[in-house]
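By written order: A, B, C and D. Residues from 1 in each chain.
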Amino acid sequence: MAKQQPISADTAALAPGVWGVLATPFHGPGQAVDHRSLRAEVEFYRQAGAAGVVALGVFGEAASLSLAEQAEVIATVAEAGGGMPVVAGLSPRSTAPVVELARCLRQAAGAALIAVMAQVNSANPDTVRRHLDTLHEDCGVAVVIQDYPVASGVTISPGALAAVAAGCPYVAAIKCEAPPTAAAIAILARSVSVPLFGGLGGVGLIDELAAGAAGAMTGFSYPEGLIAAVRAHAAGGFDAARDAFSPWLPLANFENQPGIGLAIRKEILRRRGLIAESAVRSPAPGFPADLAPLLENHQRAAESQLRAGSGLSRRF
Amino acid sequence: MAKQQPISADTAALAPGVWGVLATPFHGPGQAVDHRSLRAEVEFYRQAGAAGVVALGVFGEAASLSLAEQAEVIATVAEAGGGMPVVAGLSPRSTAPVVELARCLRQAAGAALIAVMAQVNSANPDTVRRHLDTLHEDCGVAVVIQDYPVASGVTISPGALAAVAAGCPYVAAIKCEAPPTAAAIAILARSVSVPLFGGLGGVGLIDELAAGAAGAMTGFSYPEGLIAAVRAHAAGGFDAARDAFSPWLPLANFENQPGIGLAIRKEILRRRGLIAESAVRSPAPGFPADLAPLLENHQRAAESQLRAGSGLSRRF
Amino acid sequence: MAKQQPISADTAALAPGVWGVLATPFHGPGQAVDHRSLRAEVEFYRQAGAAGVVALGVFGEAASLSLAEQAEVIATVAEAGGGMPVVAGLSPRSTAPVVELARCLRQAAGAALIAVMAQVNSANPDTVRRHLDTLHEDCGVAVVIQDYPVASGVTISPGALAAVAAGCPYVAAIKCEAPPTAAAIAILARSVSVPLFGGLGGVGLIDELAAGAAGAMTGFSYPEGLIAAVRAHAAGGFDAARDAFSPWLPLANFENQPGIGLAIRKEILRRRGLIAESAVRSPAPGFPADLAPLLENHQRAAESQLRAGSGLSRRF
Amino acid sequence: MAKQQPISADTAALAPGVWGVLATPFHGPGQAVDHRSLRAEVEFYRQAGAAGVVALGVFGEAASLSLAEQAEVIATVAEAGGGMPVVAGLSPRSTAPVVELARCLRQAAGAALIAVMAQVNSANPDTVRRHLDTLHEDCGVAVVIQDYPVASGVTISPGALAAVAAGCPYVAAIKCEAPPTAAAIAILARSVSVPLFGGLGGVGLIDELAAGAAGAMTGFSYPEGLIAAVRAHAAGGFDAARDAFSPWLPLANFENQPGIGLAIRKEILRRRGLIAESAVRSPAPGFPADLAPLLENHQRAAESQLRAGSGLSRRF
C-alpha cells in the first residue's frame, strides 16, 4: 500500500473548543435510528456554541450500527448542522473496512464532513502511519487520531503517538483518552503542533486544559458545562476552569461509570427532552432502575446550576 | 426486536468431520484478495474429504476485509466448492451489523451457504438468544455459535451456552474455543443435541473428540492430519485418534503460537503451493524470519508423515 | 478446613464516617519505612475526625513490604492512634498466607486492631466464605471484605457478595470498589445489614452515599474534603454532600489517574508536611515531573478551599 | 538501594537438561504440606535423570503457601535431593518481600540451593536490573529470571530481557514462558550467553530446543518424556526430538489447559503413586470429574509409551 499521491500539508487543524460526541437515538421496539431526535441533538449543540460535532463515536454506538445506518446518521448530522463542522468516527481497526466506511460516510455527508476519526491500531508508529496514509489517500479528508485503549485494545506510548502525528500532515487533531491523559497531553503538547482534545466524559478536563489541551471532544449530558469550562480556561486559566467545572464534576463522574455510562447519559438526554427514547442497543446494558433516584439528584442539581448562569446565556 | 415469524425446528445439524477454516489469500502490494488461490484452497479441502468449509472466520482475517470483499470471498468459495457445504463467519458482535453482513453474504453465496457463524456476544443467555433470533429471522439460514473469548471478549458458562442452544432450534453446531475446551464439551455433550466442534488449530482435538465433539472446525496447514484423526477416532476411539494425530501435534502447537500463528500457517500453505503469497493484513504481524528454520523442520516432517500414509489416500 | 469453633454473631460493625487509608512513607536511599512520618499521618487523621484508619491497604503499598515491615507498620499505627480503631489490609489472596499475615499483624497491633481486611478471592461465594471463615477462626478479629477487582483480579456479582456477607457474621463492613460502585451499593444496601464503604479515592463518593454507603474508606491527600462530604450528607443529604464535595472533585479526579495516582497523592502529602518524602517503591512509577504545575494548581486551590471552611474547624 | 558489594562474575550457569518444577503435595482436610510425598517426588526426579529441581514455582502453588511453609518445603527438597541442584521460586514481585523470602529460603535450604528464580517485574530493563541486583546482593546466590506474563502481569520485549541478562552477571538462566516462546528464544540465543529454558508444560519444547533452548524447566506428569526429548535433541536434533516427544504431546496439551492444568497434573502424579493426594489449594479449581475418563485414556497411553522405551532405561 505505497503512497500514490502527495498529501497536502495544509490540512486545517480542528478549532479549539468543545466538540460534542453525539448519541445515536433509537425509537420503537425495532430500535431504528431516530433521525428526528438526532437532528434535535445537533441543533442543540449548534446553539450551545460547540465548535463542531462528532458522529459515530464510541458513545454514538457506531459499532452497533450497520454500514447503511451509519451513512444515514452522518447524512442527517451533516444536513442538520447547517454548516457546523462534522467529524465522523470510524469504528473498525483494520485498513480495508475503515477505508470502505470512510468512503461511504464521505459520500453521504458531503462538504460538512471535515475529518474522519480513526483509532490507533498498533503500538508501532509505522504501522499506524501506513494505516492512516491509506485512509487519507482514499477518502481525502483530514484525520483525527483517537487514542482510546478501552475501545481499540491498543496501548501506544506518547512518544510513538507523537511520531505518528509528525509523519502524517493530514492529522487535524488527537483525541487523548489513554489515562493518565494529562501526563500524555503534557508530553504531546511539547512535541506536536496539532490540537489535542480530552475526552472520557470530561472527568479530567480541568487538568487536560492545564496540560495544553485545546478543548474537549466527548459526550456529556450537559455540554453547557464543558463549554463553560473551556471558555473559563481561555479567559482565566486553571482557577477559572476549576470554578466553572467543579459543579459539573459530580455528574461527569456519575456518567463515567463503566458499562452503564452510555445508558445514564442517554436517559438524561431523554429527560432533558433532547431525544425521545433512551434505549441502547444490546448487548450494552440498559439504565439500572436502582440508579433513578441518583440520576434525579444530579439532574435537579444540573438544572439549578444552569439557571445560576455558569457563564452561559439564558437560551438553554 | 420481537420474533415475527415462526422458526423452523428442522434445521439440519452440521455433518460430523472436519470443517476447514479458510485462509483469505492476498496478492500484490495492495493486498487484494487472491481469488485464484482461494479457489485452490477450497478445491484442496474438497478433495481432502472435508465435511465443508468455513469462510471469513478469524483465521480468514474477516475483520480486515471490507463488506464488499467479504461478499466476493463468499461468492468465490461457494462457487468453487461445487456443492460442498459452506459456513460464513460473521465478525461483528452487534445485531445490526451482523444482520447486514449476513444478508449481504447470503445474497452473494447462494444455496451453498448452509449456515452463518455468529460469536457469543454476552454472558447472558437471553441476550444471546435475542441476538441470534433476530439474525436467523432475517437471513433465514442456520446458525453456528462460536464461543471464542479471544475474539469476542465474552466469557459464557457452559450452562448458559447450553441454554442458548436449547432455546434456538436453528442452531446447527457450536464451535467450542473457550479453554478448557474438553471440559466444556463434556458438559455440553450431556445437555444439548447439536454437534460440537473443536477449534484452536487442533491442539486439543484428541480430547475434544473423546469428550464428545463431532469433529474439528479450524484452520491447520495440513488438514489431512485433522481428517485422519477424526476418521481414526470414529473407527478406533481415543487410542486410534491419538496414534493418528500425535505426529501432527508438533506442527499444531507450532502454529498455535499467539500473534504469529496466522502468519505461520499462511507461510506453510504458500510453501505447499496452496496459496500464492503468505502476506497477512496489518496490523497482524508477519512471519518472523527467525522461525524459518523451525518452519522448515516441521514442513519436512509433515511431508514425510503424509508420504507415510496416516490413513489418507495417495492423492495428497 | 471445616469450622472448628462457633463464630460470635455480635461483631461490631465499623462506625460510619471516613476511614483513612494510610500511605506508607519511606525515607532515604534504601527506602526504609519512615515511622515518624507514619505516626504524623495517623495523628493527622485522628485530629481530622476520621472514624478510624486502614493500614497496609493497596495505597499503603502493602504488596511491596516484607512481612516484617508490615508488622512494624501496624505496630506503629496502633500505638500512634491512641485508641483510634485500626483496620489492617491483607494483600495475599490465598488462605495460608493471609492467615499467617493476619496472625502476625494481630500480635504486633494489640487491641487497637479491630478488623482485618481481606480481598474477594473467587467469584464463587462458597469459596470466599470458606476462605474468610478460616481467616476469622484463626485470627479472631472481625473481617472487612474488599471488593476491588483491580487488585484482586476477581469479579464477583453483588448478589454473590451479599451471599458471602450473609453467611459470615463476623463481617464488619464491605469496601465497594468494583465500578459501577453506586449500582452495587444500591443492591447490597437492600440485602445486607453490614455497613458499606466507598473507596477509589472518593471519585464516586456523592453517589455512593446516596446509594446507601456508610462513608468512605480510601486514601485522599485532603481527607478533610471526604469528612466534610460525609458529614454534609448526614446533615443535608445529596445536595449538601454535593455542595461540600464538588470543590474537592477536581483533586480527587487528578489523584485517581491510574498508575501515577499513588505518586501524586504521596507528593501532595509531602508538600502538606505530613510525610517527609514522597518516594514510592519500585516497580510503581514515580511522580511525573510534567505534572508538577498541575499539582501546584490543585494544591493552591485545596488550601484555599480549606481556608474557606468547608464545614471544617480551623485546626487544619 | 545502591550496590554495596561487588557481584561475582563467575556465577555458574544452570546445567542443560530438564529441571523439574515440583508440585507441592498436601494431605488431610487441613491440606498441610505432605513432606513425605514431596520427598518421593524429589527422589523420582533424581532417579529419572533430571538436571535439578525447582521448588516453589507457580506449579508448586507457592503463592498459596505461607512463608513458614515455603521454608519447610525448600528444606525438605534440599535434604531429599541428596546433592541434586535446587532452584527456589520467588512468587512476590516487589523487592522487599522477595528479599525477605529469599533470605528465609536460603537459610532453610543450605548449600543445595544454587539459585533463586525471580519474575520479571517491569517492562523497563533498568527497573528489573535494580530489583535483581538488590536481591542478589542480599541473598548471595545466582538468579534465574522467569518471564511468565500469566503470573507476573508484565510483558517485556526480548530485547529488554537481553539487556537485563547482559547487565546482571549473576543470572544463571532465563525461563522463557512468554509466547511465542520459540521466537523469543531465537532472539535471546543470539544475544545472551546464559542458558535459556522452555516451560509451559513442554507444549513448545521441540521448537524451543530448535531455537536454542538448553532444556526444559517445567512441571509435567511424565518428566521421562521431557528428558527423552531433550536427550534425543542433543543426540539427533529436531527430527529425533520430534520423534521422542510427539507421543507425549497429547498429554502435554491435556495438562496445559488453563485453570485446571494444575489439578490434572497432580491427579496423574497421584495415580502414578508419586504423591498421596491430589488436592490443590483454594481458590484454584479442583480436578473436574467429567475429565476422569480422558485422564485415564492419557495415562494408559503414557504407561504404554514408557514400557515401549522412549530411549529411557527400564527403571521407570
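Methods note: a contact is a pair of C-beta atoms (placed from the backbone, for glycine too) under 8 Å apart; a residue touches a chain by one contact, two chains touch by 3 or more.
For clarity, every value in this text was computed on a predicted model and none was experimentally measured.
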item: Partner chains shared by chain A and chain C (touch criterion as defined above); value: none
item: A-B or B-D - the one linked by more C-beta pairs in contact; value: B-D
item: Relative to chain D, chain with the most remote C-alpha centre; value: A
item: Distance from the mean Cα position of chain C to that of chain B, given in whole angstrom; value: 49
item: For chain A paired with chain B, centre-to-centre distance based on mean C-alpha positions, whole Å; value: 37
item: Chain B residues counted as touching two or more neighbouring chains; value: none
item: Contact graph of the chains (line, ring, star, complete, other); value: ring
item: Chain pairs that touch, as defined at the top of this document; value: A-B, A-C, B-D, C-D
item: Residue numbers on chain D that touch chain C, as the complex places them; value: 1-2, 29-31, 63-69, 92-97, 99-100, 121-122, 124, 127, 130-131, 281-283
item: Footprint of chain C on chain A - complex, ascending; value: 179-183, 186-187, 203-204, 206-207, 210-211, 238-239, 242, 245-247, 249-250, 253-254, 257-260, 288, 290-291, 293-294, 297, 301
